[in-house]
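Both complexes below contain chain A, partnered by chain B and then by chain C.
== the complex of A and B ==
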């Protein structure tokens, strides 16, 4: 005898709950895969509605192969985050194909709950969090629907009343436990998913490389990179140079970080660093970038544990940032970066140019040297060159395709954005014998609606240059883009070089800032609670979370206390012995059902006992023992009868084997 | 004294009645439930199926005074409840009691009486007293009315108003006896003679004590919830124009308690409610104009569909 077959209505609920769970995943699932799963679900629905017969068993195998093949073909490594999630979703759809009875349905719903939490591996924004309440709630409604006895379902209004009465209180009492688990379950230091599927996880944002002329998408991306809250007054936005990767090596096409063996760790400063007393202090909430870069204003003097400052001045974290991460930093905006401990090695790198490329540029730079100008004058001449020779700033530059790309830019196309200008400037400086490098990062930021924090977006990505004006001096920041388009620096990316209607619409801007404020609030309240905050929280309680005994005791104690409170609450709500009686009695009915005696909800317990005894005369005594005890419990309010019910039920189950 | 022992005389009375009214065990049982619950009983049936015999046998076995009034359209309320007569010797009005002053009143063909007469009976049934010329006279205890009406013959009758029907706790029809019982009946001695020889099995004091016990029986929250579900189902059913009143609900629980007591139980089971439900509701349900069947059919259908909580 199997569990009861799902009614059409119950099956509909199952599909509704799963559909709501699936919907947000469609945002990242490959469209073809989503289409395939959707088709399977629709076919299943039609089959369930129109035909009595279930799908033949053999059809599941080819479908299983199809799902797995698709996942491997599309994602490669089947164990990585996206591939694993996609496979799980596919398998859940297959589970729905074979879900004919209640226990199958409940299992599928449990997987739906898990899929709901999987969604947070991809997106932790407030919008998604709020949306996830819907599928979660729908799953609970479907569960409630599946376990309800038949014939107890009313119309829509009755349904809502029932949800309000049964489901909402049940979910509400789990909230304290959820909150406790949220603060107490140890956060993982390293991301849950060690393997990364490069093909699917490349996020737009600053990379480790720069290829001027090949991409412009960065500027079109409005999504926030970080939100910054300053302790004191914020500096003017045109002074906000958020230092990212410093790029030194140039092969004529691509700029890369310095990479020479043996010198990687030279001059590194390890966090935590507290910064000077007069430094600017702030907290950064960094969106997941999936990279190790940590952004801070120049020159960073304070940064947290687990972060190191390389000799170029940029910050690197030991782990990739895979979820929203909050850190405190300090900066001295008036300082400039020293050369570091191994200037001789580094100097050579910052002067190197690819051989036999860009002869015109080299000639131009050498002509300035020939005029006998000192480095400061050469810088001024280069900037003057940009200013006067018809250069323009644009986000849609003419592509550079030849071998001599810098020449092409400086003497032919003469339009581009920060990457073009910083690259050309650094090449000119190196050609003139001045050590120079490209610094990438972000520039400026948008003030939030209430002015409490600044939003730095992907569109704020910027590249500038640094030069060494004397052998024993410090690095000086030169922003050649400012020479061409001063507004880009003073007004920020949000208002410059983009005439899209929405971007400049006052209302749209206000709405965007308001929703961002909500997101920021959510991040500060919920997402910000990471390993570090958790450690602080435990330290305040006097618990050492690295000692598993202390942590275990705290968890066990907390859960026990909450479970006690919850059970007291439930105990208070209704006499548990009656609930227990109902459960025991249902068990009794179930076994009789297995023996072929179906119960009728409109039949009294003693009448039913009589009818069952007529069909199963050898069990008469056992049946009546259970029924009598049950009737005494439920209708005579005799709490002692639970003991009899328990033993009578055990006797009955023992003697009545299906 | 245990409950079983206290019940013994009543069960003996039941057996005795069953010997007179043959083949009607369920109906006799319901009649006793009605008596035990302190309610009045409405018998809807054709003439000659044993209504009077049942009433007679009840009164004889339970040691109740028996009175009988044949309702006709010219019967006046005074003929039923009594009249004040001036007594010249004492120079005072004396109240001459009517036939209603009895413990068990058989009101035969109640729907032939005028509305005025019916309402006089109504007051007596509801209050346990009659009022004549502004003076109230208490009726004896217990006071039980068994009314009969012929459901077929409708000419010259006054249909009982709903308010009055609501005063009858239970209603039932006896119907023809089964073949064996009827043959036995034909071969047996004259009923009247047999009834005259019956011995009472319990006193009215004993009956009143049992009534009290029935009233105090335990109805658990689960039983009350089921009773409510049953009552409420009559109010939302499309076939029913007017569902059960709260008074009917109270009556249902009272009858169920009496039914439980007769089974020597101290608590009400769903089965008790089911056993009396049709008898409680069949005369009270006012069906919609387009509904087929009668109250009893609808009641049975509801019983089969309302789940026990």
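== the complex of A and C ==
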């Protein structure tokens, strides 16, 4: 038997469900691709409204080729996660342009469920997770619509009434069972196939290198990078320097990291978990960055297994951080980093400047040296130069375009942000013969609304400098940006930016913090719910999850209990009218009881009404109205009386307010 | 030998009927009303449900493997929905009551329309109830407290009482993941009249009026006159009355009340029983159409003389059930 052709309404529901599924994917799909698919869907909708027919092959095949070409051109490797997902979405859209009958439609809905899950490879935020309820429910509503036998559906108003009355409660009572399965089904400690360390693509975050301008984009990005919970009191935010990659090599335009093969450990500072008794201890929940970087406050003294501290003091993990990752770390804010294992080589690296560039800057630095200043004085003079020569802090600096960019900045534009200042400062130091390097990372943090943790955002990305003031000394942190814009350091990045009204607006800030608190809770409760947390959860219940009998008993018992609750809810409902009448009347009796008139089971409603009105004469009319309607409903079998009972009861409750 | 086997079969079914009523329900009639309950509702995953299971398995395996809790959450949600929908599918049939089966008599060769009247005994609404009879599918929704009829055409192949085969009621509500069904073999029947003979054979002649004490042909009852139309025999024109009115009037064919036509089984010769019944059926219809007063003589029974609707039905019923075990 051929499957029946979809009615216009069924097709509409199919498109609505698919549209809702597609929407969150548009956040990561290339815009042009999303636009193409959206256009195809709109055209298909318009066409299907006019006449029922699949699109012919001469339209379909070019579209198919276009989709495949686009995916290959945009993503390259067709086996990568993004490419596969994009291709699946494209093919589903193409399937929809030829889906005319019910079984095609139902299969498309199953693909929607799959795409709903795929979505979580790209975004696991609370907002998206809550949103995903919508497409999931719409898929089921569409399923309901598609499997309905022909001719059994009424008008559109009745349709929505039916969805509201029958389907929505059905969808809602599944939530407890879902939650139960979620916490109870054992997680796999190791993957059965593949690796969990799949690349996350298109991530914003701190870059690998620095060229003035590249951090500007980060400032506009309010998304959190990490959330930090301190064991004890938190340090002042202006001391929170979250160390990231150190940049040493400068070619006049770009600052790059330098690889130190063989020398992976910093001198005296040892890990892991070797923090001293006075160190700050804290837990970091790091958002996926698709980098190996692990952020800790300067100077890190303790960090988790699998993380190594590099010569230049920053931490690297062996695997990229591809999903929210929680780790504990310890830091000593007063410590400073030693020079490293090969001081002579490194010293040369940290003094090198690109040849024949920025002559003015070099001359300026050398003039300080010629005055006979020692390194500490030179640092002070450089900072003094920034403070007094009309430099300003801005997120939208004048572009630096020439060959001598540092000269351009120091003597012409004189505006910029941390990148510009740290770059110029390091160049000046090196020119004066002081080893210097740029450190990137994050600066500061925002206290959460309940004060339990600090949020570090992409907008907090920062670059500062470190100098070696004496040959046998340690690296000293100098933040030249602080000389120009002390507020950036003490108040955080939120103070700056063009939308400062919103950023500083009190309620806006409160809302932002509240939503972040929710997200943090969600991350720790749901996104990070892994084998470890599951074990904790079971331990709290006194269950040993490694004992399959106990686990089995818990699962079976839980599912049975929920099934029982569901069947009680579903199966033992009395016929509505009777049930309602009784419920309403009980409400009436309860109120009278509170007013001191107890009912007597042997008494009929009218006798009881008589007795109650004797005690409460001012309510006589209201009491009789209720009792009358109830008696008629009960004894005269008058179904209309339920309406009267309702209004009489409302009147009674209103006039019998205590 | 055959008789022994037959006897064994009957005994086996009787035993099964007693022990396993749900198994044998298809095979015996039940008295109305029939209420569906868990003992007679069957439920299995549908083909789409199996596909759904495969898809969910893939989603959950991937989510568990990659430890993606979001995907896992939205894998368990459809699983829970499927579990709940299984209960709902069952519940959509449970407590459904077949209260009445209505079927009007038909002529052999027509379709008898059986109207299966369903009512939800627990007052909940029902959605997408499908009745299958042979190749015929009919679908109904039942609103809260409503009684709805599921009309199934059953071909009437021979005269007598027609009992329908079991009706299968099924549902896939709400999501089509499960298929629940039950068989209803209600004790209902429709009366099937013999097929009217075609082409029609003329009615037997009205018996000799003299013997019945008929009226004078000149005697013109004004009530039995009608306007002349082309083709009327000039002999039938009532001249006196026409002259009085000024228009030609014709004496109607229908005979005064006193005359009656006798439709006698025995007087038809040269046909087998069924064809005789067929002819009699045609005559009954024609006589009724013509407004005649007629009598039906069947071996062993005589109906009438009489006329009118009730008489016609009585005659047709007698013809339908002639030589058939009653009910």
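By definition in this document, the second predicted complex is superposed on the first by the 382 of 658 C-alpha atoms of A that agree within 3 Å, B and C clash if a C-alpha of one lies under 4 Å from a C-alpha of the other, contacts with A are read in each partner's own complex, and residues count from 1 in each chain.
We take it that a residue touches a chain if its C-beta (ideal position, glycine included) is under 8 Å from a C-beta of that chain, and two chains touch if they have at least 3 such contacts.
A quick note: this is a predicted structure, and the numbers were derived from the prediction, not measured.
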Partner chain(s) touched by A:602 [first = chain B, second = chain C, both, neither]: first
First, second, both or neither for A:185, with chain B first and chain C second: second
Which superposed partner A:636 touches (first chain B, second chain C, both, neither): first
Chain B versus chain C as contact partner of A:656, first or second or both or neither: neither
Superposed model, chain A: greater residue contact from chain B or chain C: C
Which of chain B and chain C A:456 touches, first, second, both or neither: neither
Touching partner for A:177 - first (chain B), second (chain C), both, neither: second
Partner chain(s) touched by A:307 [first = chain B, second = chain C, both, neither]: neither
Shared contact residues on chain A - chain B and chain C: 149, 151-152
In the complex, chain C residues that touch chain A: 48, 51-52, 55-56, 58-59, 61-81, 83-85, 87-88, 91, 122-125, 127-128, 130, 137, 139-141, 144, 172-177
Chain A residues touching chain C - in the complex, by the definition given at the top: 103, 106-107, 110, 113-114, 116-121, 124, 128-129, 132-133, 136, 140, 143-144, 146-154, 162, 166-167, 170-171, 173-175, 177-178, 181-182, 185, 187-188, 191-194, 196, 198, 323, 526-530, 563, 566-567, 570-571, 573, 575-577
Contacting residues of chain B [partner chain A, same complex]: 218, 220-223, 266-271, 274, 303-308
Residues of chain A touching chain B in the complex: 149, 151-152, 578, 601-607, 631-632, 634-637
